[in-house]
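A short worksheet on the structure shown next.
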Amino acid sequence: MKNLTNNKMQLLSNLTFSCLLTLGVAAGAVADESSKPIKVGLSVPMSGAAALWGQGADWMCKKASEEIRDSGGVVVDGTTYNYECITYDNKYNAAEGAKVARALLQREGVEFIGGSLGTAPVRALQSLSERMGVLIFTTAWGDQIKGPDYPLTFTQMNTPHEILEPLISYVSEAHPEAESVAILNPNDATGQQTEAVSTKAWGKVGLEVVSSDFYERGTTEYQPIALRLARHDPDVIDLGATPPAEAGAIFKELDVIGWDGVKLVEVGTGADGLTAIGGDSVEGVYMGAAVAFNGPSVTDHQKRVNEEAREDLGESLNTVQIGFYDSLFALKAAMEKSQSIEPKKVAEALPSVTFQSFYGNTARFGGEETYGSPQQMMLPVIVTRIEQGELVELGRINPTE
Amino acid sequence: MANYQIPSWVIFSIFAVLASQYFSGSHSASILNSIAIAALLAGSLRFVMLIGELNFAIAAFVGIGAYSAGVATTMLDISFFLAILTSGVAASLISMVFGSITLRSGGPYFLLIGFAFTEAMRIVYSKTDVLGQTSGMVGIFPPIEFDDWLSLFVIIICLGLLFLMYVIEKSQFGTIFKSIRDNSDVTRTVGINVLYWKVVCFAIASFCAGIAGALQAFVNNVISPGDFGYLLAVFALAYVKVGGESSIAGSILGAIFLVVLSEFALALGAGEHIFYGAAIVIAVLFMREGIVGLVSSTISWITKTRASKEERV
Amino acid sequence: MELVFQLLITTLQISAVYILFSLGLTLIFGVMQIVNFAHGHYFAISALVVVYLMPWLVEAGFPASAAYILSGLIGIAAAVLVGLATYQFGFRHFQRDMVGSFILSVGFVLLFDGLFLESFGGASRSVPSIVEGTVSVFGAAITGQRLLLCFAAILTAFALYLVLMKSKLGSALRAVSIDQEAAMLQGVPYNKIAFSGFLLAAGLAGIAGALIAPVSIVTPAIGADYIVKGFIAVIIGGLGSIPGAVIGALFVAFVEAFGGYYYGASTATLAIFFLVIAFLLFKPKGLFGNG
Amino acid sequence: MNSEQTPLLSGRQLERRFGGLLAVSELDIDLYPGEILGLIGPNGAGKSTTFNLLSGFYPPTGGELYVMGERCTGKSPTKISRKGLVRTFQHGSLMPSMSVRDNILLGTMHQLSGRRRIERIARTEETAEMLGLSAFLEEVAGVLPHGLQRLVSIGIAFASRPKILCLDEPLTGLNHTEASSALHVFERIRGEFGCSILLVEHNMKAVMKICDRMVVLHHGKPIAAGRAEDIQSNEEVISIYLGRLDDE
């Protein structure tokens, strides 16, 4: 009796195996051919610490596709196309990034990636997309991520290479008395890349970098970090790519131990988190990747979109998220110029088109001298500062060349 | 010997291999890859459970395997097969050192230190220059002529190792492992060196984990420190528990079930965590023996009812 | 000298929360022999309740301190409630089953991670400050809030000590954690004791959460960050040992403060992990571990 | 009897303290080839501690331990058992989730390591036969009735064919027939395999019947040692013991 059950059980489990497997195969097989409206894939973190960025990215992509639809869609030789955003969670790591890449490119048959966030997952995506001839936009900052070797990869936002030099020279001019700077970055891809560029930039303007450290994500107590930063009593403290909330906590602790000086979050993307945690202590913090939605140069359109975003996301839009809006308009322009929806042809057209960016100015692609090929979206660098708890735009350095 | 009857999943393996050929290149093939690797991870985790320990360091050893493969191919251009072997050996050597320290105390200490070790290794990769720091390593490709065969190869390796673990479990070594879990004092009194065998078991499992890491590296072509956080161990645990801890078949079943479902959970964002969490909780609370147990109990139920019917007739 | 003193103060204020945290962990382990990763989420729920409720109360016209105390109490209640739920539907069936209970707790962790993110959103928040300004203790600066937190933590820890040492429940708890069979032979109602011990621990986590809310970044993920350090503290002290938990927590805080200052935060984090592994070389069961 | 032979197992002035408490002290004990030695004494007399000292589970805090003529003071249980001293435990001395076959097989593992599997299986079945467990080989040990579990745990120990077999209260919870058959097994183990047995037991009648010599512990100290009949007539022993003997 016992054995009988055993055999039967083996038989049945075999059946179960087969069923599940075929189900799995079907999961792929069914979705293997692509569909009419142009699918635009997004590979962004939708969970964990960076979830908010991913949610914003998804939101902006949908926003842009709506606006494009309402303005008559993308017209390529007679037929009108519309964009449809498919957003998958890459959990900010390579393994999930690869999974997402396969799902988007192989399962969904996506030929255009409207945006991708996080260096590791983006590289995973890239190793597949370039082979499969898929055009991708990315916010990833590595300078080795684009260039002649990756003809189909385009950057959709300013990277430290664009932001830091103008920002740092602006700050050093505003504070000629400053002589020394202490740098802190999170120990992640963004942090490490920012640190590399910023140390150079500070050197250029003649400030001495007295210390440059990293801290782990998920740090719970910031007093030791603050103490170490203030150790040499620097004139400037530069928190590089530190996320807003953590930057706020660190400035708070710096305030407690009585350090006061020029505060800077080079790629600080928003004031909300910073002020929420830092309170008064973040007064006067300079930021290079935030957008002020109250200045004179702000269009009604920006104000309106930002308000909607705030309602849905709980925070103001930042440059990372805005990149996912601009990429779609860039794509539209290139498709209409090349009169094709062939990724390769579109990619050839991209460098030569101009388009209306969310920031209001007309944008184009450039960056040959840095990357060897024009794959960098050229956007204004917006220098912002927190004054009376409000984010204020101090000036725009429009892309040169 | 009744022990050596061919297990049900060997039949499945043939099926899988055929399938991999039929679907090679398409997305389905990559699903098969992830299933195979997931199953190997589950098998490795379960193997250490034989001695009654929960190996949360598995993520670290998968990472060690993956990074060894990465270094071997991208820097030392060692041949594909050798690279995979190296990563297994590397993982297993390190596990011997780690094991002989932590398995002395075992139990919760081993479990929690495994957790700490995983986190520590993650930071180590992210601070090491040659390993690409936090951006990880790229361009870990198998030889070009191998491209169409990769899927088949991955599946064969995984099933091969799973079968190896199966054989060991059924052998007298398996008896020793289980006896350590059941009653290490008695095991000691008959002259068996408990710590030694614990480490052996751990090293074998880590070898498999290392290979799994290497395969993952070659399948994704890219690795980053974030891939090897403790969540990896949690998912492996989910495969084992949902499938059913009592047999290796369970681990494979769980891997298929959850990997396939997670294909659809990609778009869920935070929902994916809820999904996995619920899966584990339900499995642990309501189906202690997992899917396998469910299957077998249904069978015995069917046979019982049929029997009773016959009686009535 | 003043620097060292500042670092010592930092160590103390960091350790305040770790102590409460690891006390809860060690208590649960001692009584039920379970490793509960979901403990961090009792802590998180309490902190989240505080940061969402208190601003709302303040707007409703409550004075900050009253609003804080009220929302704090509700937060602790929430933590105990979640603890109760996880105990009743889960851990009750896994007493003294280390592997099973751990797996279950991991399931809960993922579940709560997702649920918290869905319901509270990823944005990080903090609350209007209750005590303004900073005080200087022998030249070492510390905010009023932190000072409050430290006192509250020390008070709680002391209260727990009294409960464990003086009360009937306490002696029962200790008896069970030393030798369950013996205790049951002595007529200790094990299940009842385990239950109250579990809730006590959840309550401790709740208190810790309510205390940390005003001085820290509160996100749904906050529990995970603390639990790792909590467990390391408990391993060093020896699972199940009350003084061990306290010493372990102080040790972790010490490495964070001094290591963080002299070698950088990232290195300090790494050091904590490797130090605890090295520590096991010499003390395989922690400082006061008996298990 | 054979007291001029060198003892297989001997403890010299063994002592074990736990913190302040002195559990065992001044313990001199000798086990000679082919004899069955009884270790008796009221509860808390330190019998179990003595067992743990002799089998290496507790390192002694004083004195010396010799197994098969070699100094084994402070050696690990594994090392000592490899010298040929194997013990059972009072409670749960088997692997509950494993089959009886695998339980006994485990006993053969080290001693027959490197030999062919066939030999181990043969040894296993021989042992099972001798203990009358042949019918239960495929059963799961943990679900067997208490009496059989006792036999299985002895089977595990004896499967390694020790020179010295230390049995910790093997008769507790056995009914009369079970007990006497167990005693018969001990006799065979001694008779057919020349294995010396150290026996801790409450069942005085049984001990008196089977043991050649006895050591009586009281408050952790040996108060008497000698042949069964001498012990029976020993004043001090009678004062703490014989009352008990009668009412059994």
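Letters A, B, C and D mark the chains as written, and numbering starts fresh at 1 in each.
The rule is short, and it goes like this: contacts are C-beta pairs under 8 Å (C-beta built on N, C-alpha and C of every residue); 3 or more make two chains touch, one makes a residue touch a chain.
Values in this document were obtained by computation on a predicted structure and should not be read as measured data.
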Handout entry: Contact distance in steps, from chain A to chain C
Key = 1
Practice task
Name the two chains that are joined by the greatest number of C-beta pairs in contact.
Solution key: A-B
Fill in the blank from the handout: Closest to the centroid of all CA atoms, by its own CA mean, is chain B
Fill in the blank from the handout: Greatest centre-to-centre gap (Cα means) from chain C is with chain D
Fill in the blank from the handout: Distance between the CA centroids of chain B and chain C (whole Å) is 33
Practice task
Would you kindly tell me how far, in whole Å, the mean C-alpha position of chain D lies from that of chain C?
Solution key: 48
Completion exercise
Between chain B and chain D, the Cα-mean centres are separated in Å by 43
Exercise for the section: Send over the residues of chain A in touch with two or more other chains. Expected result: 47, 51, 55, 187, 214, 216
Completion exercise
Touching two or more other chains in chain D are residues none
Exercise for the section: Please set out, as single numbers or ranges, the residues of chain C touching at least two other chains. Expected result: 114, 117, 228, 266, 269
Exercise for the section: Examine which chains touch each other and state the graph shape they make (line, ring, star, complete, other). Expected result: other
Completion exercise
Touching pairs here come out as A-B, A-C, B-C, B-D
Completion exercise
Contacts from chain B onto chain D in the complex sit at residues 172, 175-176, 178-179, 181-183, 185-194
Problem - Touch list for chain A against partner chain C, complex - result: 47-49, 51-52, 55, 187, 213-216, 218-221, 223-225, 227-228, 231, 244-246, 248-249, 256-258, 272-273, 276-277, 279, 313-315
Problem - Residue numbers on chain B that touch chain A, as the complex places them - result: 7-9, 11-12, 15-16, 19, 23, 26-32, 34-35, 123, 126-127, 133-136, 138-139, 216, 219-227, 229, 249, 252-253, 256-257, 259-260, 263-264, 266-270, 272-273, 291-292, 295-296, 298-300, 303
Fill in the blank from the handout: chain C contacts chain A in the complex at 6-7, 10, 13-14, 114, 117, 121-126, 129, 134, 141-143, 216-217, 219, 221-222, 224-226, 228-229, 253, 256-262, 264-266, 268-269
Fill in the blank from the handout: Interface with chain C, chain B side, in the complex: residues 49, 52, 54, 98, 101-102, 104-105, 107-109, 111-113, 115-117, 119-120, 123-124, 127, 234, 237-238, 241, 270-281, 283-285
